[in-house]
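These notes concern the structure reproduced below.
The chains carry the letters A, B and C, assigned in the order they are written, with residues numbered from 1 in each.
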Amino acid sequence: MLIAVLFHMGIIAESMSGALAAGRHKMDLFGVFFISFATALGGGSIRDVLFNHYPLLWVQSPHYILIVLVSSLIATRIAYFINRLERLFLTFDAIGLAVFSTIGAKIVIGMGYDLTLAMIGAMITGSFGGILRDLFCNSMPLIFRKELYAFVAMLCGAIYWFSYPFLGEELATLCAIGIGFIVRMIAIRYKISLPTFIFETKEKS
Amino acid sequence: MLIAVLFHMGIIAESMSGALAAGRHKMDLFGVFFISFATALGGGSIRDVLFNHYPLLWVQSPHYILIVLVSSLIATRIAYFINRLERLFLTFDAIGLAVFSTIGAKIVIGMGYDLTLAMIGAMITGSFGGILRDLFCNSMPLIFRKELYAFVAMLCGAIYWFSYPFLGEELATLCAIGIGFIVRMIAIRYKISLPTFIFETKEKS
Amino acid sequence: MLIAVLFHMGIIAESMSGALAAGRHKMDLFGVFFISFATALGGGSIRDVLFNHYPLLWVQSPHYILIVLVSSLIATRIAYFINRLERLFLTFDAIGLAVFSTIGAKIVIGMGYDLTLAMIGAMITGSFGGILRDLFCNSMPLIFRKELYAFVAMLCGAIYWFSYPFLGEELATLCAIGIGFIVRMIAIRYKISLPTFIFETKEKS
């Protein structure tokens, strides 16, 4: 199944991105595993907790924990290599973003919720992993300043919502993933981002 | 209904406070929305997750998401204006604190729990939004050093708990909100705060 | 009951460790209480939220909240004293780690889950309190660099898992606690830690 393959590629890419972040902060192997886990599986977990959708993915299918563990250990071995292959890595990451977001929207819609919540569900699933990664590394989440990351997540949710009554679940999923992926790659290529809100003031409160 | 009006004023004030914090950290529009969302709706969400009280408010009534979105966008337009109207803004914020905390206590009591948990529920509802805001902005939560913020939240919970058997739900709610609001305004006006615990040591652990 | 006594010693030690961390960051009394609460009861709460195991311990038995409150207030009085008794304090902390982790594994196994999840449950219970403490104090979590902390938690989970079919719940619990405690004390004594993954690069992403 194509979607399952893409989903696993996404998990692996997110785990490795977590491992590299942990390495940048000089963590031990536990830290590496923990950050990878939070990056790869945290977004879906927070979505499931907020929407009361139990059991969580990795509780139901613990083999995902092993995938994260192995991916993160491999990442510590081939870190410099990954860094050189940055374009490939960003491609995997974009696949992960599109797949996670679309699946997130699908789950929320499957629980009977509406467009607004489908987009929020997609956004949480697609972007909270990266937020947790940066939070646990004690950095300002990159995503709050990054090229259309969360926007792409919400876009996937909206596309899925509008297309599945016409195209059916299968095709709508692939369609949302495909468009999300392309938009993300274009945003990276041309450094497109949302306008920034800068508010300078003498810190008072 | 007075309480509903006050509640919406609180949501709007908290959203705007989130948006300003995001602007101070130079975030993009997604970051602005995300921080506003966490500030305005995060406290209630964490209470509901901890007390297993589903569905969450914004899942049940997604129009709150739109209120947050609109408020945060408006805040980016009128930021300097808000900053000049600081007193008005703090008043709204104090209303939000008192309303959120009292409603938090009410929900926890409605689930059959006791005074201690009513106070904890009020505290989580009233103060966790601000904690999340500061956490996602990668700052030390202000609330841990601020004028009686969480104390007011717990006070609202306690007042509601003691008064609703005598005054009825309606009146007890207004009473808790009113007293909480006044105490908070006095604390701001006279810069009253809890004693601080300062523990200096050569960092070892 | 020995296990209950050890569990309370753990709660007290974790509360005090939270209070000291709050004091190092010059927080007010609310901050002290909040950080103590998160340190002592946060790990178990997050485990229960992730595994859908409600009600949370402190919701069911609010007297734990009072224990945390009292311990944290006492800690602010005797901070320098605790600091001088560092070895005693680390011993209590190691007891807490071993007891929390083992109980975490027990709960997860009791819900019908397998070895992998028992270890993850033990790890979350034993180590997330410290992670939250550092997060709310806006520091990089110490645990990601510390002597075998989370490793000991997972070890307790694994020992319990392997031994309870043979030894029975009671004895397996004590056995896991005992070995975990000893390994932790040895790791502190000889400064044993996991290998660290250091990945230096010119910050790009």
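Operating definition for what follows: a contact is a pair of C-beta atoms (placed from the backbone, for glycine too) under 8 Å apart; a residue touches a chain by one contact, two chains touch by 3 or more.
This one's a predicted model, so the numbers in the text were calculated from it and none came from an experiment.
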| item | value |
| --- | --- |
| Residue-number overlap at the chain A/chain C interface, same or different (half cut) | different |
| Rotational angle, Cα trace of chain B fitted to chain C, multiple of 5° | 120 |
| Separation of mean Cα positions, chain C and chain A [Å, integer] | 29 |
| Residue numbers of chain B (touch at least two other chains) | 49, 135, 138 |
| Chain B residues within the chain A interface of the complex | 19-20, 22-32, 34-35, 45, 49, 54-56, 58-59, 62, 65-66, 76, 79, 83, 86, 135-138, 142 |
| Touch list for chain C against partner chain A, complex | 49-52, 113-114, 116-117, 120, 131, 135, 138-141, 143-146, 149-151, 193-201, 203-205 |
